[in-house]
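Labels for the chains are A, B, C and D, by order of writing; each one numbers its residues from 1.
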Amino acid sequence: MAIEGRDDKRGRRIRLGMVGGGQGAFIGAVHRLAARIDDRFELVAGALSSTPEKAKASAAEIGLDPARSYGAYEEMARAEKEREDGIEAVAIVTPNHMHFPVAKTFLEAGYHVICDKPVTTTKAEAEELGEIVKRSGKAFALTHNYTGYPMIRQARAMIEAGELGAIRIVKAEYIQDFLATKVEDTGSKQATWRVDPSKAGAGGTIGDVGTHAFNLACFATGLTVDSLACELTSFGEGRVLDDNAQMLLRFKERDGVAAKGSLWASQVAVGHENGLSLVIVGTKGGLSWHQEDPNKLWFTPLNEPKQLLTRAGASGLDAANRVTRVPAGHPEGYLEGFATLYAEAADLIAALDEGRTPPEGLRVVTIEDGIEGMAFIEACVKSSKSDGAWTKL
Amino acid sequence: MAIEGRDDKRGRRIRLGMVGGGQGAFIGAVHRLAARIDDRFELVAGALSSTPEKAKASAAEIGLDPARSYGAYEEMARAEKEREDGIEAVAIVTPNHMHFPVAKTFLEAGYHVICDKPVTTTKAEAEELGEIVKRSGKAFALTHNYTGYPMIRQARAMIEAGELGAIRIVKAEYIQDFLATKVEDTGSKQATWRVDPSKAGAGGTIGDVGTHAFNLACFATGLTVDSLACELTSFGEGRVLDDNAQMLLRFKERDGVAAKGSLWASQVAVGHENGLSLVIVGTKGGLSWHQEDPNKLWFTPLNEPKQLLTRAGASGLDAANRVTRVPAGHPEGYLEGFATLYAEAADLIAALDEGRTPPEGLRVVTIEDGIEGMAFIEACVKSSKSDGAWTKL
Amino acid sequence: MAIEGRDDKRGRRIRLGMVGGGQGAFIGAVHRLAARIDDRFELVAGALSSTPEKAKASAAEIGLDPARSYGAYEEMARAEKEREDGIEAVAIVTPNHMHFPVAKTFLEAGYHVICDKPVTTTKAEAEELGEIVKRSGKAFALTHNYTGYPMIRQARAMIEAGELGAIRIVKAEYIQDFLATKVEDTGSKQATWRVDPSKAGAGGTIGDVGTHAFNLACFATGLTVDSLACELTSFGEGRVLDDNAQMLLRFKERDGVAAKGSLWASQVAVGHENGLSLVIVGTKGGLSWHQEDPNKLWFTPLNEPKQLLTRAGASGLDAANRVTRVPAGHPEGYLEGFATLYAEAADLIAALDEGRTPPEGLRVVTIEDGIEGMAFIEACVKSSKSDGAWTKL
Amino acid sequence: MAIEGRDDKRGRRIRLGMVGGGQGAFIGAVHRLAARIDDRFELVAGALSSTPEKAKASAAEIGLDPARSYGAYEEMARAEKEREDGIEAVAIVTPNHMHFPVAKTFLEAGYHVICDKPVTTTKAEAEELGEIVKRSGKAFALTHNYTGYPMIRQARAMIEAGELGAIRIVKAEYIQDFLATKVEDTGSKQATWRVDPSKAGAGGTIGDVGTHAFNLACFATGLTVDSLACELTSFGEGRVLDDNAQMLLRFKERDGVAAKGSLWASQVAVGHENGLSLVIVGTKGGLSWHQEDPNKLWFTPLNEPKQLLTRAGASGLDAANRVTRVPAGHPEGYLEGFATLYAEAADLIAALDEGRTPPEGLRVVTIEDGIEGMAFIEACVKSSKSDGAWTKL
């Protein structure tokens, strides 16, 4: 192991605007931090809240130029076009229902877009957005941030290299407990919109964290889900949307095997903070990974002792090492994984702007992945309403 | 914590015979060891194999009196009745298909029976056996041995005491990898009968380990499964029985909540030796337990830090402490858990023989539990054949 | 991995007596359980307490023939000689100060001896006992029970095979918290004699658990301690003996390297139940093992990923597999490790009685190891009194 | 737990220069990343290498204005004074021997200084630097970065609040394996200077990582080391400096107890990547923390179950929460811990510049801590040369 740090700039800083992410928000602050880590973006404008006063106060709090703090995202899209130093890309960190209109506006205005997940509130919207992205020629990056963890990249590379043989079983879990009680009745901004179908869409927990688990299972294995049999439950009294989702999965055949799977997403699972995990079983080996201990990947080659693969450690593959910043044993975490998505988005944006082929090895999560995610949510809802009938995505 | 050991005899030694468990067997040796640990049984006779020479050789190997090594179990049932020092109870450790005829024979001949799981090969047989047990007035103890682990007793007692509130979610897993390759083609005695429907019954993995997971989930929570939606798979080429089973569970309502669950049983899960685990989520707390680390129970009271409860440690409840032998930090394991089933069977047998009420706190797994287990297997098979339709037990 | 159990008898049952181990004792119960597990001994007589009534009551509790329950050990030594079915071996499980007189008596009377540790209360006594053992021609087995854990055998075999290269560093810890408060003032029998120099000898914690750590470090590595620099502390108010010991170690040179070490023994370490652990560093690899998780051994070959070696699992060596009873993933624990010492003592006794060479692979802890242990305790005390001066063993 | 992110700016961005940290360096990149995370600094100038071409190339790589990339640090100190937008603070990330002259130069020129550890190469230098800092009136922050981990802050706050009672024992370890082989012979820049006394000072491993362990033990407990008994070893053939250090510690009395301790620092400990850990034992509770799993703190209140305290989780204290950025279960790591030092240095600098009292709760590591660290290294060397005699700091 080389004891070296990494802080190389692979290109110039891109001027970034943000929609959403004002006071009381969670993911906006995360995007800002993540964008800074690798220094590929400079946040210079924002429409941080749909409430003008709150937008202003939020901008002040994070040191944004007041002249570039906008009360409405449409205004930002217009005004920044007028500036020589106007933004080149926008990060969308609003509740789900605003993703589509904002993304549409900025893509059609010629901006690159980095968008939080789930991509929209319906599959139809997502498909329409897909067309818009295609027409725009701009970059669209969906922040399924867990794809940025080095050991997830390692898992994917190992599977691509055949180290697991044919995949037979995939188990994905994303379990939290922040909705174990009726926190939406206590005024929590985070809880309130997540349980409201007009803002969150048709999926509650399944949209909020289930899509992450779904995306990650597909990302890591390279498999495609064919159909699912789902049971959605709302344990919280009076909740309209699901707060717990359990399902079985059938994957499309690959390497002569049609893998089976299961997925559990919950936000009432008392005792679990952010329990995203994957277990992957192949004919020649098994992997397991837990988000709360992200620098480790457990690998068992068939009939051999289990190995503990570590980020930047012995057996680290290029695909993992290229998205790591500090030596083995110096934990990287959630923000660094998120930062990798920003760094790769920057690489993509720079390449598009300069008419170059993007560098190899980028793993930007695309609008197609977003459409798959919406198909997943809709299939979950449909299956659950049909008493768990197997439902195609 | 008191630093004390426990080796008190609570009664006389019961004379035991064994059917099955000859050379090459696994579970027979385990039963013999388990029976010795608390010194409540004395193994004095056996019909260790259906092959007479092998029965003889096996008996010699474990130091059994040659005069009491029988070539056929029926012979043992008859001959031991003639002796003043004849056996009082029999342990049945054969492949599944022999459980029923052997149990029937010995119960009807007036012996107590300790029987390995699954109890029979069909639910109908199990129900018939239930009648036989009832008529016999003898003890019948099913060795779902994982119920003997102290921290499982602790979990059950905590749930009974309301420490988790209403149960919302139960996840049970029992995943192994010993059938990841076609070991049945290599002559392994253990593998061969397990994949053969004429010996194992209708369930492969679901019968071998799935029933343990099902039983344990019910034992720990006290809940009853109402119905399940199951996907059985045979990954091993040419295997008739399942080697992987995934399912969703609906429990019957209790405390105003109808809990949801999932269960994964596998014997192709590369990287997992004997991965039996439970996650239990209630409105007021969560528990998790892993068989490979059985002295620990993780408990998270709602909105409090997670606690690591240890066998015989701080917060150990009577229900757990009474089935433990050595102080905290001195690991007890699989054999000790198994031994508790024998000790409790002895308590039950002694009470029945002496016309006493059995001591409080016994948790002997009954023929009713066995019938439930067969109902489970049959529901799994039926649901899987109906494309995962929800199926009542 | 073969999924098989093991319960083969490798010889006849040896008739055993016990001195000490009456009501309220800890280790006596453990010896009895351990002796039963592999069925090589039959406990038939006892002098379980120096108080006759207590001896009687204790004997009744464990089902001992009242005629063979003795009020004094000398009586048992004499009386059992008269019987045709008299005991052949004795297990000594008294407080430390009685080990020497009892062992002397029984060895000189022609019995084999299994003795708890530390072997005596002074090195001089231990050396005298060494002479007595030699003259007697009888087996003497010291129950440093942690040497019986399969993964400790695995570690030793790996080091013997050179898998770690030359050993550079050894860290041993044995930390508990049962003396964190003044439990000796509460009437705890276990605590009371352990803090009393007239019963425990010159070492408190260093004798009670420190000797285990010392013995295990030497057993696993095969190294010999040359000298040590020790700091003994009595944190408990008014305690005469140490309840915490920290020291540095210098080992004798082997393979061109004089290894360095450290050892921490404590009984006031709040948060630690029975925290015995080893870290071993060589030029080519590193190992670590924790008693509370005894079925696992962590192995890192130089510049390779860490491996999790498991009892009876992939990469299990013969030296470990021969002392294991159930398949990988079915945890064995403290009692099974202890049982291995009894099984091996039985093998040794049988061989001596029959004039045979004992079977290969036995790892009986000898009186020489006991003498080393006493040298260790005395060196600790001497070094600590000399302000931590390096002191030869 | 509130599910909120934090990205509030508590002040303006400070203009920063850097000395050292050019190509091939490890810690320079880390400082740059850490400085960006909370957006309190803007890196605008650098003397990144003492080789002018390398300085230039390094500056280009990280996007520094070529006009402000200097070939010599003295030049930067002078030239930046001339600019209106000149740097206000400097980060010193050179090998150890340059810390003193560079810090002296910049402090005397009126800049604030952030300096990597160990502060100098001798205690005398450190004391001289202490005088310079005092005269300068400028901020001096030493980057013992592990003090920035939230769960270390939690530990400190818990101890200050008396939750552990009087501290009895402290165990600190910092073990790595990157010098297990003679990597310095392979041209590794990182290894080469670390084993060279003219660049590293009198301590090898003890200076490189031992000082971190020493600092952290004191920081977390608030205790002061009185004296130590040390054994330094150079296992690598021909190495002049230590690559392994083991020692016993005596702390000064507090709360009526003089705590005892041990410290192990190693860079030859095969199997350990960055194994910094603390075990702290008090009369009323125990704590343990491991750097490779930094979001967790294990707490055992006397006679209660062990608790797993998590960053931003239940039981998180203000002292910990104020230095955390994302919710519980979203791991923060090494860079975030390091970033906290930069954020707190910014708070200190801003307060000094504006003549304000710094905000409460800052935990900037001071020159006094640096002097203690040098006293520690010198005591280690002195004790080891005196055959481990107890040596005052």
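In this text, contacts are C-beta pairs under 8 Å (C-beta built on N, C-alpha and C of every residue); 3 or more make two chains touch, one makes a residue touch a chain.
Worth saying up front: this structure is predicted, and the values here are computed from it rather than measured.
Visitor: Is the C-beta contact count larger for A-C or for B-C?
Guide: Higher contact count goes to B-C.
Visitor: Can you work out the whole-Å distance between the CA centroids of chain A and chain C?
Guide: 54
Visitor: Taking the mean of the CA coordinates per chain, how far is chain A from chain B in Å?
Guide: 43
Visitor: For chain B and chain C, let me know how many angstrom lie between their CA-based centres, rounded off.
Guide: Whole-Å distance between the two chain centres: 34.
Visitor: Which chain A residues reach two or more other chains?
Guide: Only 1, 272, 299, 306, 310, 313 qualify.
Visitor: Have a look at which chains touch which and call the overall pattern line, ring, star, complete or other.
Guide: Contact map by chain: complete.
Visitor: Residue numbers of chain C touching chain A in their complex, please.
Guide: Those in contact with chain A are residues 1, 299, 303-310, 313-315.
Visitor: In the complex formed with chain A, which residues of chain B make contact?
Guide: Residue list for chain B touching chain A: 168-169, 171, 177, 180-181, 229, 231, 233, 235, 244, 246-248, 250, 257, 260-262, 264, 266, 268-272, 279, 281-288, 298-300, 302, 306, 387-390.
Visitor: Where on chain D does chain A make contact in their complex?
Guide: Interface residues on the chain D side: 1-9, 12-13, 24-30, 32-33, 36-37, 39, 61-63, 176, 178, 188, 190-191, 272-275, 291-295, 310, 313, 325-336.
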